[in-house]
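Next come two complexes built around chain A: one with chain B, the other with chain C.
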Partner chain A sequence: MANQNILIIGGGPAGIEAAKGVAAMGFKAILVEKRDRLGGTPDEAQYAALTPDLRDAETALNEMKAPLDGNPNVEVMYNTLVTEASGSVGDFTIKALQMGKEVEIKAGAVIVSTGFTHFDPGRETQKYGYYEFDDVITLTDAEKMLKAHNFVRPSNGEKPKRVCFIQCVGSRDRRLGNEYCSKVCCGMASKQAIEIRQLLPDCKVFIFYIDMRMYGYWENEIYWPAQEKHKVNYVKGMATEIVRSGDRLLVKGEDTTLRRPMEIPMDMVILSVGMEPSEGTKQVAQIFGLKQNKYGFIETLGGPLDTVSTSVPGVFAAGACTGPADLEDSVSMGGLAAMKAMIALRQAEAVPA
Partner chain B sequence: MIHLPIAKAKDRLFEADPNNAPTEDLRDEIFQLEKEGEWIVQRVPEPYMEVKTKYGRIKKIPVEKTWHHKSCGQCGHIPGYSTSIFWLNRQFGLDYYDPTDQTSCTAWNYYASATSNPEAQAAVALRNFASAYEQGYFPLIHCGTSFGHYKEVRHALVHQPELRRKVRDIMKRLGKPFVIPEEIVHYSEWVLAMRHRIAERQVIDMSHITATVHPACHYHKLIEEDAIYDPEIYGAQRTAIVSATLQALGITVGDYSSWFDCCGFGFRHILVSRDFSRSFAVQRKIEVMKEEVNPDIVVTHDTGCVTTLDQSQFAGKAHGKKVGLPVLSDSQIAALAMGAHPYKVLQLHWHNTDNKPFLEKLGIDHEKRWSEFQAAVEKIKSGEMEYLTWEDADA
Partner chain C sequence: MPIDKNQIVEKDKAIVDGVELSAEWNRFFEQRVVFDYDTSALDKVTEIEGAESMGWCYQCGQCVPVCPVDNVGEYGPRKIYRNLQLGIDLLESPDLWKCTTCMNCLRVCPKEVDMIKIMPAVRAEAVMEGQVPEELQEAFENTFEYGNPLGESQRKRADWVKEAGVEVPIMKEIKRPVDVLWFVECYPAYHARGKEASAALAKILNLLKVDFGILGTEEKCSCDSQRLAGEEGLFEEFAEHNIGLFNKYKFNKIMVTDPHALNAFKKEYPKLGAEFEVEHYTTFLAPFIEQLDFKNTLNYKVTFHDPCYLGRHNGEFEAPRKLIEAIPGVELIEMPRCKQQSYCCGGGGGGMWLDGFMADYVTERLSENRVREAVATGADVLVVCCPYEVSRFEDAVKSTGNEGKLLVKDIVELLAESLF
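This part shows the complex of A and B:
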């Protein structure tokens, strides 16, 4: 008989949604999380507000997690890292380290939701100066500051008068090998630009972009309000270099609309860093022998019609471990992966031993 | 005073991960081709020093047994540049070889779109490498252009079997072995790797000196992953070359906003539009340094950069521009710090911009030193001696 447990690796939005689905259908969800709390990157990076509805991230995540508390069909294992896996659909044996102690988990199916990591701008040297200038920060740094309602220049604690975002840092970059679009950065930058304008009405905010990729409803929900209501300046052009000029920063680049070089002084620069597979994603892919694409994300094999099945039967992947994904994608995939995992167990049951 | 920029935020420390490099490690391919019998790989002689390059890979820098590939421009315009490198080697008692059969790399015209073809370019490089190998010494490239060019040649040779075949045939007809060095090493990398040893023997205090650094384009923009980067220097966001050396000597390195720009040399410009070179050097580099840092000196590490930055300032001066910054190479500064003669070794009289105020700030009596040099010149004129020897230089 197939083991009725479904192991979910990674407690971010995709993993939480999968666990909720599995438990609601009467299966046992074992949710393994490397940290001591659930919530994934939105929690770890202390997101202030969700994109696109600007809802308070902590409140929304707490609501999402609440059904797991005290749920008899859910076992959450914190501070746990998967180290080995064997078996096949219906009968997986997984070894893990929990607070340094080895534990064994039996499961009939597995859902991997190990997420992404933000691109490290230090790899794009000299261009952005993230490790040279305190006033160059990333989207995640800005998110923490916005959450604390204290958006100031790290170099001197003063409120900035001019802030810009630089898009596609570590994304759509053939030279780096990250040719893909990270999907969410345009929306995130626009959302943060609005938040900065709300918090500091005297601060001018610019966004330097190649293309603004505001797909779906984000166009009306974020992009146009940012310009029309909140007066954020969008400048089509590539920033090529950030240098110091006095006690400010100087952004050099090209304004491709005006077809001329630009040199614009700024108090703060926010790098819209893209997504890369997390270390956990790469490790778990290796442990289960999951096929990865050339960027290291877990490859799903069903094209647009099956976004969660991996190269190993009985192992499914959801969220940003499969490639750049927003919250809608991640949560939808979490639900789909739960359903596919339960179907896999049912089918394993039906096959005579 | 503006110091070398590095983010103070404690959670920001960049360590490049070689496993996450966007480019291949060419040395793996080079050794693989050796296994396949394609060529001989000349190993970096031991003892060597290890430095880290842009993506966190280790690069070996030879201490000695170096074959000094000189620069046409250095020898022609600023001979004290090379002399300082040799002087440093001699001070440390290191075994080096100063060849007389080295060929010009021809890259200057190549980068100006003026001459040659890939086979000829690669054959010139390989002929020089073969000469070094035959002598039992490892190439140390003085010229930034040759250094950048040889890296490009190596890249092309690794990836183009047909080019390898053609160049191998040329080498066979020359009766030379088909050899590629394990590393392509620029002299300024040797100076950087030796910087603490140089600082140990420093006799001139430079702690009150501020410098601006111009990193040479052909050093850090061609095959950029082969340039030296250090988390302690600009947070590994710019090459550490020259800046690390100056810091070791106690010099304050000042930051200026056009650091990434070319010196103005630009190859094509210097050949066909020299006024552009002059204007660029003065307006985009020297004036910006002067306005933002006002350093005592500009230090760089390539022939074209020293000459262009130094020898363009007269034009700016005529137009009332903010000029007047002496320009030296890192080898000259290192030698000066260790007590080298400013005229017999550094040969500062070949430099165009007035460097006497800088020498005075270091407490060097340049009038006395000049008279010593003149006395030696008189001896040569009178036939009392044929040329200056190393002993004369240190006398």
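This part shows the complex of A and C:
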């Protein structure tokens, strides 16, 4: 008889959605989370507002995870890291460290939702000086400041008069090995640009870009309002490098439609950093022997028609552990992985051992 | 060559040692690096009521290839936006006066950047500041003083009637209601070629036994082009005058000769509380086509120029064609740019009174560009139905060396030629 537990590794949006689905269908969801709370990167990185609807991130996440509280079909294991796995579909045995103590978990199927990490712009030091200039920050840094409603220059604590975003930092880059588009940064930058304009109406905000990739409703829900209502300035041409100019930053690049170089003074520069697989994603992939792509993300095998099945039967992957994903992708994949995991259990049951 | 550092700015042209260089050349004499984006220029425009959508451009560039001014110069809404983003003040730029409000850009713009609202709104600011090209100012002053941009006497506005050869009832004199109030407008009342078309139309109305009347010396310019050129005040004053006349006389509908008047009466006068049924003479005449007894076969190959303010602005493409095709012996050959895609004669939005000004910015007049297209179809006659066009295209036929190859005729002239 197949084990009726479904193990979900990673308590971000994809994992929460999967756990909710599994529990609602009467299976047991064991949700393992390395931190002491759920919410994943949106919580850990202290997102201010969700993209694209600008809903308060904390409220939205609390609402999302509320059905897990006191749910008899859900067991959440905090501060827990998966270390070993054995067995096969219908009968996995997983070892984990919970607060330093080894525990064993039995499950019939596994959902991996271990997410991504933001690109570290330190690898671009020569170009953008992230570790050199206090006023060069990332989307993640900016998000924290916006959440605290205190958007100031880290160098002197003053409100900036001019801020720019530089798109595609760490993405679409063969040299860095990240040829893919990180999918969400255009929307994130535009969303933050709106928030900055709302918080500091006198601050001019620029976005330097190669292509604005505002797919689907993000076009009309973020990009158009940013330009039309909030007067964010979009300039085609990505900045090449940043140099110091007195107590300001000089952003150098090409204004490509003008076909001329630009050297624009800024008080703050926000690097629109992309996505890379998280450490947890890489570790869990190895533990379960899941095939990874050249970037380290977990490979799903069904192409566009099956976005959650991995190379190991009974193990499914959801969210940004499979590649750049927005919240919409992650939550949709979480639900699909839950369904596929339950189907796998039923099928394992039907086959005589 | 010494470089005058004061000259290091973006210029539309530069004169170096007496030689005039266009922007492409003069770029090399300027600093290359862009040191700032002064957003105040864009803010200044988008803060003007009616001009908000100037800030919506996302630089797709679809407007540029269909902009008739860019076809002969360097223009287009995308470029205007870009210059604003670079801090160039539109109110002080010649670009403010180049748009003919032909609406071809709005037709293709995915963001609905509406130059038809932007241009009059921003120009109105420039008019208030007194920054208007001289020849346009003269047309404004003529309109204000004489009731028409040509500067002709108001008392002579109905003089063409004497040469019409048929009865043209004048409302003030007949003192009775009519079915159709014919709003003649300025060029058909004063311009030599306009008067010929008016006479032809009068003959056809008589032939059809239409019960009509004109306003004669009481009529004043509809002022739609002056409005689009930025003279909102003048427009309102004249609109009130004309609306006063419309209220004074009894009639069932208004027929206009000029598509610009059509546009004003259909879209602008209602905002001032004046709702009247109005139609262009081509849509008025088209239903009568079966009743017309054509006597002469014309043997013309013709092509037809859609007026911007009849076609794109007010959606009428079929009535003129129906009339043309009904004339015996006339073969209609369309130009590549026709109907929605039609090119512009250059006369709209104040362009009628800016030819001298525009000469500095274009390689040829819009009308010349259009005449060359018409000639290329192999047509003998370029048929028009907007009073701006006859004079513009006849000049262009001469200046492009096509005299004798192409005639320019109003539809009513062609109809009359076959009917009488």
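Everything below uses one rule, namely that the second predicted complex is superposed on the first by the 353 of 353 C-alpha atoms of A that agree within 3 Å, B and C clash if a C-alpha of one lies under 4 Å from a C-alpha of the other, contacts with A are read in each partner's own complex, and residues count from 1 in each chain.
What we mean here is this: contacts are C-beta pairs under 8 Å (C-beta built on N, C-alpha and C of every residue); 3 or more make two chains touch, one makes a residue touch a chain.
What you see is a predicted model, and the numbers here were worked out from it, not measured in a lab.
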First, second, both or neither for A:204, with chain B first and chain C second: second
Which superposed partner A:260 touches (first chain B, second chain C, both, neither): second
Which of chain B and chain C A:120 touches, first, second, both or neither: first
Contacts of A:230 with chain B and chain C, given as first, second, both or neither: neither
Partner chain in contact with A:147 - chain B first, chain C second, else both or neither: neither
Which superposed partner A:175 touches (first chain B, second chain C, both, neither): first
Touching partner for A:161 - first (chain B), second (chain C), both, neither: neither
Partner chain in contact with A:106 - chain B first, chain C second, else both or neither: neither
In the complex with chain A, residue positions of chain C that touch it: 32-37, 39, 42-43, 46, 55-56, 58-59, 82, 85-86, 111
Complex contacts: residues of chain A adjacent to chain B: 120, 122-123, 125-126, 128-134, 136, 154-155, 175-177, 241, 243-246, 250
Residues of chain A that touch chain C when the two form their complex: 204, 206, 212, 223-224, 227-228, 231, 233-236, 255, 257-258, 260-265
In the complex with chain A, residue positions of chain B that touch it: 2, 5-9, 12-14, 16, 20, 22, 54, 229, 231, 234-238, 255, 257-260, 292
